Structures are given as structure tokens and as C-alpha cells.
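There's a structure below that I have some questions on.
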Amino acid sequence: MSNGANSAKKFDFIAIGRACIDLNAAEYNRPMEETMTFVKYVGGSPANIAIGGARLGLKAGFIGKIADDQHGRFIEKYMSDAGIDTSQLVVDQEGHKTGLAFTEIKSPEECSILMYRDDVADLYLRTDEVDEEYIQQAGMLLVSGTALAQSPSREAVLKAVQLAKRNGVKIVFELDYRPYTWKNKEETAVYYSIVAEQADIVIGTRDEYDVMENSEGGSNDNTISYLFGHRPEIIVIKHGVEGSYAYTKSGEVFRAQAYKTKVLKTFGAGDSYASAFLYALITGKDIGTALKYGSASASIVVSKHSSSEAMPTVEEIEELISNQPVIHS
Amino acid sequence: MSNGANSAKKFDFIAIGRACIDLNAAEYNRPMEETMTFVKYVGGSPANIAIGGARLGLKAGFIGKIADDQHGRFIEKYMSDAGIDTSQLVVDQEGHKTGLAFTEIKSPEECSILMYRDDVADLYLRTDEVDEEYIQQAGMLLVSGTALAQSPSREAVLKAVQLAKRNGVKIVFELDYRPYTWKNKEETAVYYSIVAEQADIVIGTRDEYDVMENSEGGSNDNTISYLFGHRPEIIVIKHGVEGSYAYTKSGEVFRAQAYKTKVLKTFGAGDSYASAFLYALITGKDIGTALKYGSASASIVVSKHSSSEAMPTVEEIEELISNQPVIHS
Amino acid sequence: MSNGANSAKKFDFIAIGRACIDLNAAEYNRPMEETMTFVKYVGGSPANIAIGGARLGLKAGFIGKIADDQHGRFIEKYMSDAGIDTSQLVVDQEGHKTGLAFTEIKSPEECSILMYRDDVADLYLRTDEVDEEYIQQAGMLLVSGTALAQSPSREAVLKAVQLAKRNGVKIVFELDYRPYTWKNKEETAVYYSIVAEQADIVIGTRDEYDVMENSEGGSNDNTISYLFGHRPEIIVIKHGVEGSYAYTKSGEVFRAQAYKTKVLKTFGAGDSYASAFLYALITGKDIGTALKYGSASASIVVSKHSSSEAMPTVEEIEELISNQPVIHS
Amino acid sequence: MSNGANSAKKFDFIAIGRACIDLNAAEYNRPMEETMTFVKYVGGSPANIAIGGARLGLKAGFIGKIADDQHGRFIEKYMSDAGIDTSQLVVDQEGHKTGLAFTEIKSPEECSILMYRDDVADLYLRTDEVDEEYIQQAGMLLVSGTALAQSPSREAVLKAVQLAKRNGVKIVFELDYRPYTWKNKEETAVYYSIVAEQADIVIGTRDEYDVMENSEGGSNDNTISYLFGHRPEIIVIKHGVEGSYAYTKSGEVFRAQAYKTKVLKTFGAGDSYASAFLYALITGKDIGTALKYGSASASIVVSKHSSSEAMPTVEEIEELISNQPVIHS
């Protein structure tokens, strides 16, 4: 499998799923109840990954749906200014709102999030708003698991997966499990399995793979044995501060350790990891190096106030890989 | 009709309806799309009126429902700290969220509001959560029209109205019309009529009375002719900068003019008006003076950043009445 | 209060509410599980009352909504053939279905009913489909309590009540309580009270008045004391085989006993009672005689297979009153 | 691929999906509006196929959900009496109703159906009600396409498909497309593709394959080219009176012609076809013979009043194959 940058394609990758608003506490070291001021950022895992990828120089596109209001217009402008193609960012016409995430910054270990995710615009993306010609122009399609949580976004994503397969576009499945958008874990397991079996690359935390398998305390061996029986060629499993692993269908195993950093908050780590990992693969780096890029990018973002705005440049990542010690576990 | 303070009652008034969150722009003179920082306040018309009344020294209670989350806890604490009895502020157990109002402060004439009102906790107040013994303890029940917009809050409020009538508690109906919570204007007209016919005091803008009558360009004469055929004894009709009118069943008419002020934003005016008007009535002032209190309070709040936090004291109101010129129209 | 036939009006009465399908067991003396054949009739309390009134010679109109399908067309034709004006029988355009009631005829005491009432067309009547000019043409508006069970039918009926009051059309409120269409009893009590307080005539069983009062084991004395404090002038309270009572605001009390009959099934009794009682009032008979007409009509319908098709003629009612013994209790 | 009867398994096949009520016109040659009497039968494609299979001597099981009412109990008893294992026929506890199909018998070409399919019990089967141990005991799992139309039944069926694959149980996908249960055709195409790609045998009409492909006027060549690129080994495509085709992955093509018969109504043909086709495969007959069994069974059922009750015996099928001429087209 070659993951090199595909110069024949208009987009290195297209992400599909939610683009939302983060409202991050402007005051630190206090619970949200006592936080009086919030700063607005673009948020949502696939939007963050697209922004992170564009920051690193990748040609990125986005398929999603935004509210027809001030927050929706902010999102569109921010992503467009970041260099992402937003031609497939559909404006909702049925009065749905932008998803919100209020965050507190209480301590590095405690950062509760208050989500507004009921009937949000991104989950109303429809099958007829997913365009085969657009997907054909991409080297990769990045699918966010949360976009499978509800209809009609669920069917729009399943259609995008079918179109990607039919057109030889590689599918990257970021499990991105957020319990509050799902009815129950069995349902999550059903759809995660359907998409993971059809993906080329699967990325998630150990806990997220457990959700996909509808189990607890699952092992990486079982996970890769199951998924390599289907289409996947690379499986990335993240174990938090213990580092992350990449497995290939041909039997290779890679591990990257986490970098030491001054953690401000934990959210945004996964998205920055994914964008840097994909950047490295797309630009022809080996899988071991790609893992390091992911780890380094994550450690930069957790030290900063936002997820999207904090996405690092290639220089920042490479500087950190060169100079920063890893966490030995 | 005597509206003097009722020393035999535990509460001068109880408000029923929503208590929400306002997120007001911290940056001025720009559209919300470019506003990056928001400051959190308690909001929602009946909550603001209760807070305003308590600030003026009235004994206030509140019947409502709040989310079981950080925003809900902030509201409960703020209202309790303001001196309001929050024993009937039910905590929602079904995952509903707190209503939100993002505001921009673009110019005194343009302050768009972005509402999050879908499936919010306050609209899930149920009939079995309205307690007859509690209502008996009040001199007045202040009903917010928005609380009639959806079931089951609608039925909870209709029950509260029936209980107030049965127990000789005066009913004040603040029309408080917010189109985004209603299915259509005919439905609004149906419920506004049912409650207005049973209220003792009705307060609203001319436009809101038009909604109640399912008409456009209605006249005050027709409105008072209709409502005085039923229970109401005082009808207050507000005409913006042209001032406001109070009519009594016995045929008196009062008018108050608006006070000159430096307007920062327009929202919050109606709530501060209502709280000061009721304060004056309850403390035995005549209706003409009560109108002045309402006008003065409104002109103070529109010059400040919030609705709830900005509610004035008696001294501030009386100072303004003494010194501030009115707008002649 | 004069209830004589109003020759100046186009309609003696207009009924508002549901028109549905009854599927009555063709086989007797067995549970529905073993019933293999069902016969189709028009059903639904206000439709039955309109049909019963028309059979007795009254000029009847109907406001309701029917499905755009074979059952809806059957209902429209049957009612039209019965002499009822169906110009205000709106055909639903949103795919809602006709309500169904499957009945078994197991024994006179046991006749379970299986209802299909979810999202049925009649409950989707809208406020804009209730026409003031039509209501003006009626002497009476008969309101079925079940039509208050859900929005938007609820608001359409509340609007019709307001229009009837404004135009001097007498309001007859048939409580017609069917628990399966309501969320809970407190909600029923709220709406039953609102309409009963505004009605001129209220008809129901003792159990139904208990629902209106949100109580159990209520007394007729309390009921009439409450309702005569508002608009009603005649209150009819039915006690099953023990007969029925009519109370007037001026203090009269009438009682009618039930007639002996060979009961096939119990459903349909209340509807035939109401149509004959109203017929007698409208044609100028005294209230005591009107109660007898109601009782006689009910005893005829419970001896026959259907509710609508079995509605008696004036001759049948008067024949039975002359010859049939009553049940002494 | 061997499809012989699997003596090691408890069930020759298990069907998953709906079991409903048909109410067939007792009077012929008239539109439903004029039909006054209806006869009750068990209906629903997978229930009919299970009943048909049991009539032919197969060991059949069923996974589904029925209403907790008289119709639900009738279904359970009828299927149990037919010899089907109903241990996995879950009784709904949330008040959902049994699906209904009223049919007219106007002429062989015109037999309109009036469906009650909103919020019916069968579509509320949940993932946790699908049991892996039960599915393990089957030689085949027959999936009805309609069971994919709505959540949570959709996810329950997708889980059953995953369990069947994991346990080596052959999957038969009967497309069974009923437009009224689906939101739109694109959504149908998404789920039909997901299941068809994972099935071993796919059965449908040419029109149903067009729905799966989200196209019109599709060709059998394209269909088999697409599906044989995935798991399917046998594809049956029915062309009405022009007969039906079976294709195998190894390249064989079989055709069966329709038998002449006196058609009373057309519904039930597909279900009887599927049950007889599967019976023949399971008992080791070749594919060409299996097609004849399907055709013969269908021609028997269309000549009779019901779908389920009319399912033929082996003797009736073989008698017809021996003696009845086919329709040449």
C-alpha cells in the first residue's frame, strides 16, 4: 500500500462529519459553574483534522452541514481562511443549530465538557448532499465515527464510504467515539464494524476499539485479527500516555511514545494526532515516523488553549520531535 | 383592586417560566460572526423579572425547570444568591439542556440574538411539578407567555393559572412573545387569549397584543374593550420610545414617557420594566407612578451589558426619575 | 335559556372532532384473538352524534380531518349520505391514517376494544382549518373531549370554542374521555376545565367528571357548584344503569332511568344518548323529556351491532319510551 | 456451495423481520371503499416465508417483535400452531401496534393495499433482542429488506447479519421492498447494498434490484457483476409473468417460466416463491428445480384468498409442476 502524496488528485484528503463551535473557558483553574467568560473556536473532530492537515500544507476538502446563522458563517469563514475547500459545506435550511462544546479548564486531569448536540445541523447531512465527483477528487476520505451516530448523517457517510470504495479512494476511519450522540453501545458497535471492515486505515484509542467490539478490556491482538480479516491495511491503536501502536496487514508493529509536555487540557489531542499522522503518510514517511508526528502534534495541542487554532506547523512538530523527551512507561 | 404589599403572604410574587443563560458579546461594535468572547449571565424573562424584583426588595419565588449540568447549577446559585426562593426550581432528569441566547452588541439599533431553544429544560416543566400550596403563599403569580409555547410547560402553566384563580392569587400575564418557540401565530393567539382572559394584570407591547388577537395593526381601544369583558383590571401596553399606557377597568388611562439614556443594547428592557412596575404596585404606589418606575428601570438596563446583573435598585430608579429628561414624542 | 330549534341558522348543530372506522366482530361470544371476520362502520363519538342527530332530522354539520385513503373516502360518503354537511371535512395531505377501533363481542359485560389512534388524521386538524363563518351558521357547537387530546387538533378546538363564544353559538361539551389518547390525567383535567368553564351544556359520565376534576369519587354537588360558577347552564351527569341526572343553573334537577334492553355490546351508548338529548332540546322539549330521549336512544344502540348504523329514528325512540320498562335501581 | 438440509442444525432456517395482520376483503370485485367485511390472516413477508417453509416440512424459527394485544397474540398462536419456533418472538412493552394491511380484491390486476405501518411493533426489535446462540442453531438466516427500513429494527438486523457471518450461517436476503416504510430511495439503496454485499443468496424482482442500485432500468448483467464482486453465490432476479432467473458465481444461469393460473390477487406471490425455492435448495434439489418450485408455489398462492393460510404443501407444488402449462413469453 502506497500512501504517498497523490499529485494527480485535487485533494490529499477530504474529511466528512461535523464542524462545530468550541467555547473554551477564558478563566483557568475553576469549575465551569464559576467560569464567566468563554472564547469561541471552530471545533469538531473532522473539522479539526482538516484544519490541522491544511496547517501542515495538505490540500484538504470537507463535506458537512452548518447552521444558517452566525456560528455557521463563522465556521465557514474560518475553514475557508485556513485553506480548506468548503464548496461541500452545505448550509442547513431547516433551522438546525450549530453543535456547541463548553469546556472548563479546571486542571490538566479535570476538564469537563458540556455538549449541545441535540438536533445539530451536522447530523442532518443527507445522502443527496454527498457528491461522487467530489469524492473522486480525493486521495483519502477521512470518516469521523460520530457522523454515524444519527440519521440522516449516518446514511450520508455510509454512502460516502461506498462511493470511496467504488472510486479507489482510500478510507481512513477515525473512531471518534462520543457517547452522548449515540442511543446505545450496541448500535455504535454495529455501525463501527460496518465502516471499519471497509476502511483502509483505522485510528482510535483502545477504549474506542472496545466500543466497536461491544466488549470491555479487549486486546490489540484480537482487534487486528478481526480487522485484518477484512479490508484494513493499517490499524492505529492509542493507549494515552503509554503511547500508540500501528499494525500493518503484513505483520509489522510500530510503537510511538508520548512526549513530555505541560498539559493545559486534554481535548484536541486525538484530532491533532490524526492530522499529523496522515500528513506523514501522505508525504511518504514511514509508519514509525508517522506515529511520532502524531504524538508530537498531540503534545503541542494539549499545551494550548484551543484545538483548531493551536494546530501546529511542520516546523513545530519536527522541532519537538528533535528536542523533547518522551514519557517512559 | 388593591395591589399593596401583602404582609400576610410569604411571597410578594412568584414567577413561572424559563431561567436560561445569556452569552453576551464581550466585544462591542461588531457582528456576532466576529465576536470571539462571550460573558455568561442568567437570562430569560421571568427569571430576570424575579431577579429585578428581588433587587428592589420584593420577596420573590420561582417555579421552573433547569438542566442537570453546569449551566443549571450556575442559574440556581445565582438566583438563590439574589434572594429568590428556588425551592421549586426542579432539576431536569431527562437530559434536556439549558436555553442559550448569544447576543452581539453591534450598535444600539442592531443587536441580533442567536437562540438555542430546542428541547430546553424549562419547556419540560410538568403539571405534577406545580404545587398548589406554594402558589397559595404568593400575592401574585407572574406568568411568562413563552412558557405557554410548548407542552408540557404549557399545561404546567395553565394548571398554575387555575390554582392561582382558585386561591385568590392575582395573575400577572407578561406576554413575552418569542416567535422561535411557537409553531405558528394562530396557536399563540389561542393560548394568549385563554390566559389573558383569566389574568388580573396584562403587560405587553402593542405588537404582542396584536399576536394575542391574531391581527396586525390592532388598536388599544379594541384590546381593552375585549379584555375588560373578562377578568383583567389593569392592562399595560408598551409602545417603545413613544412610551407606555396603563388602562384600568374603571376607565382610567395613564401614560409614561421613555427616559433619555445612552443605549448599549435593547434586550432586557421589558423585563426590567415589569419588575419595577410590579414593585411599585405592590408597595402601594399609584399606577401613574408605577409606569414611571417601569420606564426608568428599562432605561437603566438598556445602558448596561447584561439583563439580570444590571437590574437596578430602588435608589437608582428614583434618582433617574428625578433627574433624567424624558423623550418627547 | 332557550334551546328551541333555531330556524334562522343553517345548522341545528355542528360537531367537531374525530370521524373514524369501527371494525366490529362479525362473530359473537368469542375473544378478539379468535375473531376472524370484522365488519366496517363509521365510528368516533362526534361523528356518531352527528349521524344520530341527522337520523333524527336535525340539520348537522361536521368539522374534522380524514385520511386521504379508502377509509377516509368511505367516511366522507357515509356521512354525506346520512345528510350531514361535510364541506368542512378536510382531507389530510400528510399521510396520516384513519383511526381504527377493532371490537370483540364476547359478552354484554366484556367487549374489549383494540384502538389504532397513533398519529391519526383527526388529531391533525389545524387552527387555520376552522372557519368562523361556518361556525356562525350553527345554533350549537358540539365539542368532543377527545379532540383536545393532542396538538394541533387541541388548538383547533380551542379556537372553535373562542369563535363560538364570540358569535353567540351555544357550546355543548361532551367529555368523551378516552385514556389512550392522553399523556396523563392532569393534562386532561387542565383542558377539560378550560372548555367546561366556557361551555353552555356539559355532558359526561360521573367518571368523566372525576377526570375533569383530577379526583376520584367526586360528587355531583361539587361538580355543579364548580361549573355553575362559570358559564354552563345545563350539566348532564350519567351514572350507567342507575340512570342520568340533568342540573340547571336555576337549581332544577331531573333524573331519567335506564330502559331494560337485551344488551349486545356497550359501546355507542353515550353517543346515541347525546344525539337524542340534543334533538329533544333543540326541538323544544323540556329537560326531563330530553333525558328520556337520551336513555331510550342509548338502550336501542346497545342492542345492535354498530354505533353509527344503529342510530334510531324518532319513531323508534318514542315507541320505546311508551312501551319499555325502566331499570329500577 | 452446498445447500443441502443440515441435519446438525436445529433449524433449517430462521427468518427475521415483521409478522403482521392482513385484512383481506371478503367481498370480491369492488373497491375497498365499498368493501364492508374483512377476514383476518397473519401477514408480512418473512412471516409468510416461515409459514410457507414450515408447511413444506422445514424446521423454521423466527426473530421478531409483536404487539402486546389481541392481534399480537393471534400472530404468536398461528405461527406456533404452524410449527414455527416462536421463542424469539418478543412481545413489545412500549405500546406499539401490529402492522395492518387492508386489501381489496377488485380484479386480478387491481388490488390496492392500505397499510398501517407507522410505529408498528416489528420495527422496534432491538439489538439486545437478537441472540447469537439462537442464530448459531440455523442453517440459514432469511433477512427481509423491510426490516432495514427503520431504527432500531435496522440495527437489530445488521447485528443478526454480523452474527450469521461470524458463525458460518448462510444469509438469504429477500429484498422485499415496500416504499411506504422508507424515508427515500437513496437510504434504501445504502442499506440494501450493505446487506446484499454480505449475503450468500439474494432474491428480488428486477425493480427491487433497481432500488438497491439507486437506478432505473438496470440490467441483470450489471447487477450480477456488482454482487459477485462480493460475497453472494446465488442471485435470483424475478421478472413477473416473464419468469425468473437464477445466476451463480460460477457462471451458470437458470430460468423458470411462470405457470398459468386463475389469479385472484397478486400479493403473496413473492413470499410463496421464496419459501419453496429455499425448501428445494435445502433439500438438495438443483437450482433449476428450485426455481420451478418457487414459480409453482407462487402460482398456487395468487389463486387463493390469503398469503399465509394459502401456502401450499410439497404435494400441491409437485402436482402443479407436473400438470400445469407455463406462460410462454
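Here the chain labels run A, B, C and D in written order, and each chain numbers its own residues starting at 1.
Criterion: a residue touches a chain if its C-beta (ideal position, glycine included) is under 8 Å from a C-beta of that chain, and two chains touch if they have at least 3 such contacts.
Per UniProt, the chains are A, B, C, D = 5-dehydro-2-deoxygluconokinase.
Just so you know, these numbers come straight off a predicted model, no measurement behind them.
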Just tell me the minimum hop count from chain B to chain D, counting one hop per pair of touching chains.
2
Using mean C-alpha positions as chain centres, tell me how far chain A is from chain B in Å, no decimals.
44
Need the CA-centroid distance for the pair chain B / chain C, whole Å please.
41
In whole angstrom, what separates the CA-based centres of chain A and chain C?
60
Per-residue overlap in chain C, given as positions that touch at least 2 other chains
none
Quick one: do these chains touch in a line, a ring, a star, all-to-all (complete), or other?
ring
Where on chain D does chain C make contact in their complex?
23, 26, 31-40, 69-71, 73-74, 77, 97, 100, 102, 104, 112, 114, 116, 118-119
State the interface residues of chain D toward chain A in the complex, per the touch definition above.
126-128, 151-152, 155, 158-159, 162, 183-184, 186-187, 189-191, 193-194
